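Please go over the structures that come below.
One chain, chain A, links the two complexes that follow: it is found with chain B in the first and with chain C in the second.
And then the complex of A and B:
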């Protein structure tokens, strides 16, 4: 019966990881899209210098960071994917959410300090895998500019 | 230049494909390949083992110590009776050239016996103490000798090595993660099915030998029924057994298979049982053998 228990536990964890992971992912995407609309007037760009038309009175560093973790199901499929290679869609959506969330937090930081424009935005990520289920941190940072009043 | 941010593009960086579709392809493919590899390796080992001259196996195990021999007089007498029974039954079987069955007796309460490399068969006191007749004991003995005659220990060794090698590569690739563990589980379940097939084959040979020696297979049916009642006594009677998780065929099926075999070969399923030889019978009273 021990082996049966082990298989049962494994299937349960897999189903739990899939079900809960799927619900959380859907909710997270909904929240990301809503906040992206709300923060649509905070602009973020990757260029190194502010556009010539911008007359900034203040500039400071803003930053948004997020840590996301894979789930049991994704990690299991990733293990199988590691055998044959190829595009792994489970991690693609995980990391896309992380990047969009990090950018949102950066914009939130900028808005809270009165800025509507962020330039020189960069992304960085660090894997913080310690256990069996990998997690990753994604950081977005940039220079926020507060326009001079007319 | 007009500066504006558009909403992030959807469906470019992250695919829309349903995760279960990818899972089904990957898991199904990995399991299919692994099962095919284990089956191929097992069949290969099974095919090769009887063709391998026994002297190579003997050389391999030549360095290993002989099975534990009892140290006291009663134990030695019981062992001598077991060995005599083994010799008598082995004479009725086609053993590989150079293989001599050597019996060991271990003073442990476990209800078990096994056959291993080098023609060694080991009986545990717990098993002998549970049997009522020489017929039943001879069924176990013939079953173990059949494993030796069919070179099952050598096949198991080759199979174990080959499958272990494949698994070590696969699980290294699949990471330390759960995928590797799950694939290992798949492989061991596949191996178990081979194990059960070997047990069925050993049972069939044992029935043939027991029928030739005693004129009926009543002892074999006694044995399998005793196993079944022991299982029930352990409190496992209520829970249905799942055959594909077991090393042996289900005990109730083994008893039925013995009856079917007897009917098919025109051998009586019942007859007078021969009593156990005296020293072996003495083990039944809880008299322990000193190792």
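And then the complex of A and C:
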């Protein structure tokens, strides 16, 4: 009886992770694409130096971050994948989503403070897993530049 | 105070380098947040309470770094870098460091 309950719980969690996780992922991608279009005119670059310009600029640090968690299904599949090696597609999309989200939030931060140009953008990710399901924090930071009026 | 991860600021000149300044904070999540997060771990997605926690921690680290810079007479911190380390399950250190400088108009 106990074993049956355990199997039942496992299957329920797996189904919940797969079903709800997929819906959430699809919605998140739709939201990312929409906001990426909206913020298309906020430019973000990775170069270490500001564009050659003689004009003085106000510069300040902007930041965007997100903590994302894997779901039960992905974690389970990743566990199996760990036996045979190869690509973890579930985790690839999780991290891609997180990184695009972090960059969007960086752009939102810049726009909210009146900037349309961010240079020296850097990404950083850290695993802050506490249980078995991985959670990852992704941060994007950079310097926003606003040309000063002459 | 100008804080940037660039090595130079357009229109400004570095008059004096004052060395490395840093600010850090170690944060732990509380039980309530952890409980909710473990539920969220079933379906995946963003853990909003953790995102906020890390943002607050990062703002705190930057504020401490700027305070240190101000205390040694700097008016800017250039080349700022962030680092995050998970110390144990449930606690993370957030570090911000950079070069304190005295900037003047070019």
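Definition applied: the second predicted complex is superposed on the first by the 144 of 150 C-alpha atoms of A that agree within 3 Å, B and C clash if a C-alpha of one lies under 4 Å from a C-alpha of the other, contacts with A are read in each partner's own complex, and residues count from 1 in each chain.
Simple rule for what comes next: a residue touches a chain if its C-beta (ideal position, glycine included) is under 8 Å from a C-beta of that chain, and two chains touch if they have at least 3 such contacts.
These numbers were taken from a predicted model, which means no experiment stands behind them.
Visitor: Put the two structures on top of each other at chain A: do chain B and chain C fit, or clash?
Guide: They fit side by side.
Visitor: Determine, under the contact definition given at the top, whether A:72 touches first (chain B), second (chain C), both, or neither.
Guide: A:72 sits against chain B and chain C alike.
Visitor: In the superposed arrangement, does A:57 touch chain B (first), chain C (second), both or neither?
Guide: second
Visitor: Consider the C-alpha centres of chain B and chain C from the C-alpha centre of chain A, and write down the angle between them to the nearest 10 degrees.
Guide: 110
Visitor: Applying the touch criterion given at the start, work out whether A:126 contacts chain B, chain C, both or neither, answering first, second, both or neither.
Guide: The second partner, chain C, only.
Visitor: Touching A:10, do we find chain B (first), chain C (second), both, or neither?
Guide: first
Visitor: Where does A:137 make contact in the superposed view: on chain B (first), on chain C (second), on both, or on neither?
Guide: second
Visitor: Just chain B (first), just chain C (second), both, or neither: which does A:43 touch?
Guide: It touches chain B, and chain C stays clear.
Visitor: Which partner chains sit in contact with A:83 here, chain B, chain C, both or neither? Use first/second/both/neither.
Guide: A:83 sits against chain B, while chain C stays out of touch.
Visitor: Which value, in Å, gives the least CA distance between chain B and chain C in the superposed three-chain arrangement?
Guide: Checking C-alpha atoms only, chain B sits 12 Å from chain C at its nearest point.
Visitor: Can you list the residues of chain A that touch chain B in one structure and chain C in the other?
Guide: 13, 53, 72, 74
Visitor: Can you list the residues on chain A that touch chain C in the complex?
Guide: It comes out as residues 13, 16-17, 20-21, 24-25, 28, 48-50, 53, 55-57, 59-61, 63, 65-72, 74, 94, 101, 119-120, 122, 124, 126-131, 133, 135, 137, 139, 141-143, 145, 148.
Visitor: Once bound in the complex, which stretches of chain A touch chain B?
Guide: Against chain B, chain A makes touches at 1, 3-4, 6-7, 10, 13, 18, 22, 33, 36-37, 40, 43-45, 51, 53, 72-84, 87-90, 92-93, 95-97, 100, 117, 132.
Visitor: Along chain B, where are the residues that touch chain A in the complex?
Guide: Contacts found on chain B: 1, 3-5, 7-8, 13-15, 17, 19-20, 22-23, 26-27, 29-30, 170, 173-182, 185, 189, 239, 242, 245.
Visitor: Of all residues in chain C, which touch chain A in the complex?
Guide: 2-12, 29, 34, 37-38, 40-47, 50-51, 54-55, 58, 62, 80-86, 89-90, 92, 105-106
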